[in-house]
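You will see two complexes here that share chain A, one where it goes with chain B and one where it goes with chain C.
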Partner chain A sequence: MRFIKTIIWLLLVTVPFILFLVAVSFFDWDFIGQGNHISNIIFYILDQNPLLANELRYQNALDVLDFGIFYLLIYLTIFWLVINIIWITIGEFLNIDRPSKAINYIWLWSIFFIVCITGTLIMNYLILYLKDDIWHFIDKDVFRWKIQIFSFFYTAIYFYLCSIFTTSRVMRPAVPLLNIILRN
Partner chain B sequence: MNKIIIIILLFFIGHFQVLANENCVNDILSSSNKTNVTLSKNKISKASQAFLFFDTSINMGGFINPPSSAYKLFVSELIKKTPLISKNQIFHTYISTPEPLSVNKIGGITTKHKFYECKGDVPQNQCHTRKAKFSKILNFLNIAPKDSLTIIVSDLFWEVNELAGDNRDKVEKPFVNALKKGEAIGIFGIQSLYEGKIFGICGTSAPYENAASRPFFVILVGNKDVILEFKHIMDEDIFSTIGIDKVEFNIFTNDIISTPYYAANWPSTTFDLSEGISKQNVLNEDRQDLIEFGVNREHEPLNISFDLNKVQTPHTILVSDFYTKTLTHQKRRDSGSCDKQWIKINERENIVFFKNQDLNNLDFDMFNTKRPDSLQFQRNKEYLFQIDFIARKIGKVIKYCQHSDQSSPNYNKIYDTDKGCSKDKEISKEDYIIIAEKTPERRLPSQVEKFWMQKDKWSFSCERSQAIMDAERPLFPVLNLDTFGALLIDIQETNFKETSVSQMNIAVRLNK
Partner chain C sequence: MTDCYYLGIGGTGSKCVDSYIYTCAAGLGPDNLWIGMVDQDEGNGNVEKAKINIENYQSVRKLLRSPGLNDISKKIDIFKTNIVTPPGQSNWAPLRDTGSTKPTLKSIFDFNALKEEMQDVINCLYHPEEELMLELDEGFRGRPSIGASAILSRVQENEPFWQNIFNSIDSAKGGKQVRIFLVSSIFGGTGASGFPSIARLIRGILDKKGIKDGVHIGGALLLPYFSFPKPPEDEIGVVAYSESFLEQTRGALDYYNRLFEKEKIKTFDQLYLVGWDPLIPLKNFEKGGPNQNNPALLPEIFTALAASKFYTDPQIKDGIYHIARNDEDSFGWQDLPTIDDNDNKIVKKNIAQFTRTALAYREIYYPFLTEKSKKAKNESWLRNTILRQGITLNDETDMQFTNILYYFESFLEWIATMVHYSNEGIKNGIDLVDVNQFSQFDSTHVENGVSLSEKLRDQQLKQFGNIIADTKSGNLTKVFLRMNYATVPKDRAGIGSFIGALYESCKL
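Presenting the complex of A and B:
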């Protein structure tokens, strides 16, 4: 029962994080950026090289959405859920009966934290930057300095929030600063 | 059984996909068919009527004195062969006004001196002052019936003022009107033996008697194909006898491009397949209207060369100042509507670049990464390029150059040329003029090849007349023919509109 509650908490954190990305990528929100999602992709993500034909930019944006962001979001949803479920499951099997023992597993949480972030960044790279039909549409600098840095912080916040809501009480000391945050 | 049905279904789905793709390519390439339309024009081989005008001014008489002058040979042949290019012939002689000449008497043009004697009430001592009024005969062009052919035979011995001021219009306008009506102007210049006196050279009263050879001219105005047919007949029958080196011919027309290359109908020598570019089946179809290439990531430019003489109407002035317009389609999908499968990139001038023109040889390049303004294309995709090669001008484009080879004795010297600066530095016309004025010793002789009418062999001016007469040149040129030549070139240039020279369809796969 406690495991199901944890999974519900995990979904309650994951779904808004993914929905936000879906909304920004696929919905026409005229108060964001250039007025619609396609224009935003064209303006903020695609290569602005003036020697590339303008006529292709709209189609390039659609392809980035259909063959890039769409698959990336599916992957991220699955990957984030899986990595958190593994963290929760391992926490259950570590047989930790008091918090002083849990603090010894900060390294384990850190590994999950790093794997979650690097997995996200690598998948960004594979899907948005290496995949045949998309890599040449996206501006190199935008990819390096905007998409990857945003992904780093977004994933870090997501994983930490998941850790807050899904880590068992005895396991909380393994999550850095969590006890201090919850105590206040 | 189920497996067999699935395999059959897959086969048909695949087959329909190929058909759909092929139809899209057909749709895209159908816009190239405009070039074919120009090829399907019917050729006219005979004019409805031929109007022949023979200049019988006194200076023309010397052409019939030698026993076998080119004039006699040509005019005899002209009279005989005109029925091959016209249904009916009407002959005239003229000095100031045309006078009809019956067919029975036409043979006398090459044999009887009385044709070239003073007629009417002109006193004998004033006879030599009567020059043929060429501009008056040209008036006939304004009233000539449609589909007729006008042939004027003359030595073009101009009145001094006939090509200057308002009188220039009288010569120019009939030619301009002819071009605007879609007619062509053909002009033969033929060096002929001459025995006689030439009167009225630059106002001198004494005739010049030492000319052993003089040019005469045959001007034809009418349908381009008829004129070219006439040239062809004369080539076979008479010019080999007269000597090809003694004959010049040019045609002026607005129908400059006669046999453009189009679609994939290009000679194999057109492409210089450099490193990284190879022939490849891009669309996986057997198409005759496309040339297909694969271009690797590391590649040299694709060089495209062709010969203008193969596409222009023969004997016309070469077109110049080229650029290209390229309509591009990028393949994005294997299924769906054609505009989803192939994304259109509007016509651009920065895909195929004009590189060089050396007389009739043209060079263009494509996929040249060294050109900073070249449109870039995403790799790992297929493209259809419909390239239109366009000429903005006709006639020579003069380049001004400065020698840049430090080891050359001409280092830093300047020259003008119509063949491009090659490895030398190109400078602006303004800079060329400034350098030439300040340091005339730096200016090298012009390398611009003159039009034949402007060469010394054919033309002279009054300033040089005495020197020519003193030198007793056996070959006596024509006064101010260079001005007439310049006028014809000017008419051609002014009436020329930007025109498509040829069109090419290529399919390219830009490999990863």
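Presenting the complex of A and C:
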């Protein structure tokens, strides 16, 4: 029962985080950036080559969406869920049988935290930057300084939020500050 | 509500009192209980141990069941029995020391003031040197005939010790239920003499007062169940020795047979007879005094369960009860009788859960409630069961938690002693609690050879889920998990919240 509740919490945190990315990437929200998602990709992500025709830019943006962001979001969802489930499961098998023992596993949580962020950044790199079809459309600086830094913080917040809601009370001391944030 | 009285008579009776208190601590006793001992040998180690146990029980119970302040909740059985015996009044010695002179039968009868013919009668009944002059400050030395005279001559309604029972008997006229349970050995001196004498005395008072309903007398008689080495030559004759037990038992059983055949009104509504074959060999012998501190033995728990059944049975059915082991060579939970016809596992459940609670408390939680509390102050279990209940961990709570620790330790020591010593009499051993996980037994030790392990090693703690025989129960990880998710019901308060949560977390 507790495990089912944990999975529900995991989904409740993961789904909005992914949905936000899906919405920003695929929905026309006129209050964001240039007014629609394709324009946003063209304006904020693609390489600003003045020689490129608008039709071609549009097509490139579509390619980035269909072959890059689409797959990236699928892989990210799976990766995030898997890494959290592994963290939850490992927490169950660490045999925390007494007070003050879980805090010794703060290093383990840190590894998961780092793996989650690094994995996300590597995935960005592989899918958006190395992939044959789309790598040359994306601005290098934008990728390096905007997408990766945004991903870093976004993933960090996501993983910490997941840790808040899914880490068992027994393992809470292993998550920095969690016992101070949650008072139950 | 039924008024329950438990009277342990003699050395074995005192040991049974000790065992009954632990049984009550495990939640198998009645709601209210007056408990007392009759032993001439007041300084006897067994009596002393039981006295201390009563007082410790009462102080721990106060910590766990003071409504509004510290309350473990009515739904939890442990320490539910309110032992109402006033402090210092738990033992009655028929013959008090009068200054420097030690009591003798001669002084009881005021022998020198008697007429010559009466002196002759007494001389016929008792040996003029060995028995009449025997100093009785350390008991009746296996002589029921001496004990019976001494006890019957001294039981008086205005004695504070007896007042409780006699007042309660009076209240039975108003429709109140009173249940009196006597325990003693059938062999030996004080017990063998006091058991029938006191029962008949109470029955006589009931008869005199015309009380026919509402007061029930039950009893448990222990047939010989242990043996010890023969005492030194010079003490044979004035002390109990185990080789005479069987002989005395035979005589006593014959006496009871005649008593029950002749009586018009039954002395006992229920009588339990408990024996053990082969006798459990003990290596120690003391004629009396503080050194007579015999180890708890398994048959004594049968008397405790008999008493609990007697108190909790909705209706008292007449009978003489006996029970036998399923297998001659082994002993397991299935061999312990149930006290509740609707729940035949209650004995195992309560004793096992209490043992697990005591062990988990001692090994895991106590340090984090006292000197290491800062390390755990932000953890859920401590926050929910202690800090949120308004408890501030300080020197005062340290003392309270230490009192609880001492009680749990004494319980663990009791159960370990019982199993270790009784093991000697059973070929395949006793399969109740794996006491080797938390205690050591040195059979060569003259006094109590059982000691609790100083601090359990991780390997031993890993066996926590296996300490209860025939049951695979949750290990310490599971207990800790349950502790962290424990919810504190509204009817719990103070330290009771923590102990209640721990007890529930330690369920099988």
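The definition used in the following text is that the second predicted complex is superposed on the first by the 175 of 184 C-alpha atoms of A that agree within 3 Å, B and C clash if a C-alpha of one lies under 4 Å from a C-alpha of the other, contacts with A are read in each partner's own complex, and residues count from 1 in each chain.
As a working rule, a residue touches a chain if its C-beta (ideal position, glycine included) is under 8 Å from a C-beta of that chain, and two chains touch if they have at least 3 such contacts.
Bear in mind the structure is a predicted one, so any value in this text is a computation, not a measurement.
When the two structures are aligned on the shared chain, A:R2 is found in touch with chain C, with no touch to chain B.
After overlaying the two complexes on the shared chain, residue contacts for A:N95 are found with chain C alone; chain B is out of touch.
Applying the stated contact rule after C-alpha superposition, one finds that A:N179 touches chain C and leaves chain B untouched.
Of the two partner chains placed by the overlay, neither chain B nor chain C lies in contact with A:K140.
Of the two partner chains, chain C is the only one touched by A:V170; chain B is not. Within the superposed three-chain model, A:E55 lies in touch with chain B and out of touch with chain C [touch as defined at top]. When both complexes are overlaid on chain A, the residue A:D63 reaches chain B alone and has no touch with chain C.
When chain A is checked against chain B and against chain C, the one touching more of its residues turns out to be C.
Residues 364-365, 368, 372, 375-376, 378-384, 461, 475-477, 479-481, 484-485 of chain C are the ones touching chain A in the complex. Note for the complex: chain B touches chain A at residues 328, 330, 332, 343-346, 348, 373-380, 512. Only residues 2, 95-100, 168-170, 172-173, 179-180, 183-184 of chain A touch chain C when the two sit together in their complex. On the chain A side of its complex with chain B, the touching residues are 49, 51-53, 55-56, 59, 63, 132-133, 136-137.
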